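The chains carry the letters A, B, C and D, assigned in the order they are written, with residues numbered from 1 in each.
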């Protein structure tokens, strides 16, 4: 439910306007150097405040509540807490009669019987992606420098020049979708478990946990559906498994083949458009005009790359541990020294 | 690994040219009527033999080895076995020096140290989709008549007329990809569990277990990345949650919203094209010309719809049980009568 | 690893002398009334300070960090944090050269390479049972008033008069073991899942997570090994399944049979005896005399009953949800009213 | 439910008088030599036919249906099937009106609504321990020769001379319980995962899946509850963690400490005693006299040792893989040779 991963296991919790959001990560090898500062760069990348993103600003300081001792992971589960300080819940109270189109408001009330914390999207809020980014920082440490995970925005509103796409949306006073690509270099051959735990299965599972994602494709992806076999097949050209082309996106049979992992995701326009919308007033039972207040991103896709990197790193760290390519204690040598000191 | 699902749990096993393929399904409610005949229609839909599909024909009779008594499920795990009788392994023995492009041959050897059963793709074979179809038959029974899962081929080789697309491939003597759409009517509001078990996450996870799938998109999908918010948002128009449009594809916040569930998958061209290919001879270490022998589909996408329905039904049955919308004993009334008799 | 349960899922974290200990509980139905005060009675029962228990006293205030809104559970995961304020780590620093017999010190260093938080037992500390008690409070709410879980101390140091047994230990200036019994009334027939998730399997699994437990027996337990069949069998005497005797302890075939659930656990003497011990000095490599400092219980069994109730309630709540005997939203009626208000 | 283990994952299925019983084992490393003959010795140990055991005799030939190729495991899931040929179901048909005391008959009917396969205990039958023994054979291979798992019967009917205990039962024409001990030599330090996956938790979980087990204790076990701290503590005497005594039974803090693992289980008397019993006739609603027909063991404990070894080996193999002390491909060298040949 709110947990994912087998050996690197991430559990998220919290609500947008509750006391806090946070994450618990179990299965982290002992001996990974870890301090609060290590999280700041990726958390900064996720932050709002830039053009086209929400003006809500939080300190977003990660508090390490367990699992770290003397600036190293201990092998016990790590809990990271983010306090919510900058909330303006009254923005949301008045919206209850209009379940916002594209948001979980309506389904959450149906599913949780009206008990859900509806303020700011509650447990469905994009604010929970803080947790993913934090988990991703640790996952990247497990992957190490040899494995590079990199996500970039490729399109905004269909425009391969994201800046231009964003300007168009700002001009139109409407929110807008985007396309994000993720590549991973340095992966070994053999990550992915038949039959149900293919690499694609696990990545897609994690990626669709990111709010607003509506599609994922690997390598040639949907274009592959239009191709012929000779055109699509990637000839193997040496004993390391290197292929001449990479239509497979680095995965065959659900398993990494040693080439670059490449996949793209479709991010829908932020549901909270500044535009007026026609939708149901749940009290009156009538379709009425309403507009979303509160502070929102125009293009949520702009903040997705670091989140996408994070879930990708989470999945890969899990597979690297499963495949025994990362040890359960990062450095027995370091441990020896720690014992000496 | 080879299991999927929480309450409706499917475990697949077997190899293309081994003794058998089969499936174990745990968590099936007691009291579901079930006989061998119930599987035949869907298994027939999956079969090869039609134009553009493999000439290999198997009886594909499902043998119920456990979990069924007096033509009803018992609540104990169900095991279904398919014997492999019509294998021509010698076709494959000679191919070992050429790990086939697009196939798992190369990665399987690397991952399993050469111990994998390489004949006919072994455990990676499309033949294992028999298991999915069988599990799907049971899942559909749990869903009942009110929930209709339907998958259809929408394009072959980029042609919205699948027949024409196939003819073009036959003429070109090459394999070809395809696009398959799945719709589900009759779903209740509320299926899907935040944060990591969104409906999309679970469906995508299961769908990428189907060999040759390279992409999945829900509702507007990749087109959503190019849209504006007002355009994409689906206005809610009544208290049942019905929306005026369905760009969301029936899922918001990872949870079904009571509208039709719609998603599409991209199926790559069959890797075993009849064309000659350039690829590595693993023995000589040289790139050489080779061509795949054996019996293969030109367009594997043609056989995917029933498989896609099956995994979709599996995922939905699991959520229906989790959400307590299906009982653990299908009919206590029937049970009473059974006790009387 | 640090998680347990399928539908009622408990994840514990924290260290004795770290920033905090805490627990995350996923799968709690929406709509359960819940406030900080609800935890106090059971937390009080667990506290040290009484004769024979540790003089370390903590406020042990549970902070609800997520999953609760307007004093009701929301259906989102609940996180409860306990701050550690009353720690005296220097007591432990000096002990590092003597891995304490009966404690995890030695194995933790071996397993986690010296990176473990060794202060006060770290993640192995009995302080983590706070988390279990907190989870148990919620589990008991799910069970409701009809299901009564009750654990009591039956023996201290082999003495069926626990007070007398404790006095003997105090007189002997040594720690001492104890026997704790748990009974549950009001359970329905049918909890427990063949083959591996028998009720005994799940209870035993959870119970052995409690530090210092060395044995568990159901009903007649070890005495059954000495009995004859006619003597041990419990004759069924009416259609509700009531039995004349209860040697089975309320479980047959791994499934509750509607009679009282009864089981007992053996708790070893507190490893931190005040007595001097002979054991290895890991630095010198010699067996030397040492004695444990710090504040400890003489008879940890005295504090176990409320913990045992907690894990028992956790396991039973999980089964009640699995068997669909508890809804995923506790009160749709209450929800309606909440929506009105 | 019917699955257990994380990396070495065992799923059992089948019914006593159905088509078959069988087991699926996922996560077995590739490259383990495996043939039908390898199972015979342990299956033979489990067989009935000896004095005090059931006269029902089956061939019990294990058919390897998947996951094995060229007499080695492939890394794909292994399925082993046992056919049921020697069934006499009519023995059971007439018993339906008397749910047998001590058996699952009554609870199974309640839980599964009367749809359960009641013949010979169905899915609850001791016949399913065949599956455990088969899985255990593979688990023992993973453990290798350095780790020796050995279970022996210590008491029958309270008599430390099991032969004499059995003779007494035969003379009394009643069934009888027994005590079985299991020891494991050669385990490394560090198996067991805090907090919920202690070695004791996992072993107890698996052990209580064996029918008729009513208690488990580690090391001093229930005797520990009567001991003082100084008496119970095991002084560490060298840097390998060797202890002077072994009251802990080789586990502290839930983790192996490098000493012999020792635990004992209580097995209740076979419920199917030859004696007449008073119990409910479910049709008449009256307590009546009945006696169990069919072929049964007088002392089921006699057949438990090999089953106990099997589940112990299963649990340990799982931990050895988790702790990365066993590779995912048993012999890359062997694999190289296999590739050459």
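Everything that follows uses one rule, which is that contacts are C-beta pairs under 8 Å (C-beta built on N, C-alpha and C of every residue); 3 or more make two chains touch, one makes a residue touch a chain.
Since this is a predicted model, take the numbers as computed values, not measurements.
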Item to complete: For A-C, find its twin among C-D, B-C or B-D: the pair where over half of the contact pairs carry the same residue numbers.
Response: B-D
Discussion item. Measuring between Cα centroids, which chain is at the maximum distance from subunit C?
Written reply: B
Response to the item:
Chain centres from averaged Cα atoms put subunit A and subunit D apart, in whole Å, by 43
Discussion item. As a quick test, compute the distance in whole Å between the mean CA positions of subunit A and subunit B.
Written reply: 26
Worksheet item: What are the residues of subunit C that contact at least two other chains?
Response: 1-3, 12, 76, 111, 123, 194
Practice prompt. Quick one: which bits of subunit B touch subunit D in the complex? Just the residue numbers, please.
Written response: 1-3, 9, 11-15, 18-22, 24, 26-27, 30-31, 63-67, 69-70, 72-79, 81, 109, 111-117, 119, 122-123, 329-332, 334-336, 338-339
Discussion item. Quick check: in the complex, which residue numbers of subunit D touch subunit A?
Written reply: 6-7, 76, 194, 322-324, 327-328
Worksheet entry | Residue ranges of subunit D in contact with subunit C within the complex | 1-4, 10, 12, 99, 101-104, 106-108, 110-111, 123-124, 128, 155, 157-158, 169, 172, 174-179, 189-190, 193-198, 200-202, 204-209, 211, 213-239, 241, 243, 247-249, 252-257, 266-273, 275, 277-280, 282, 285, 287, 301
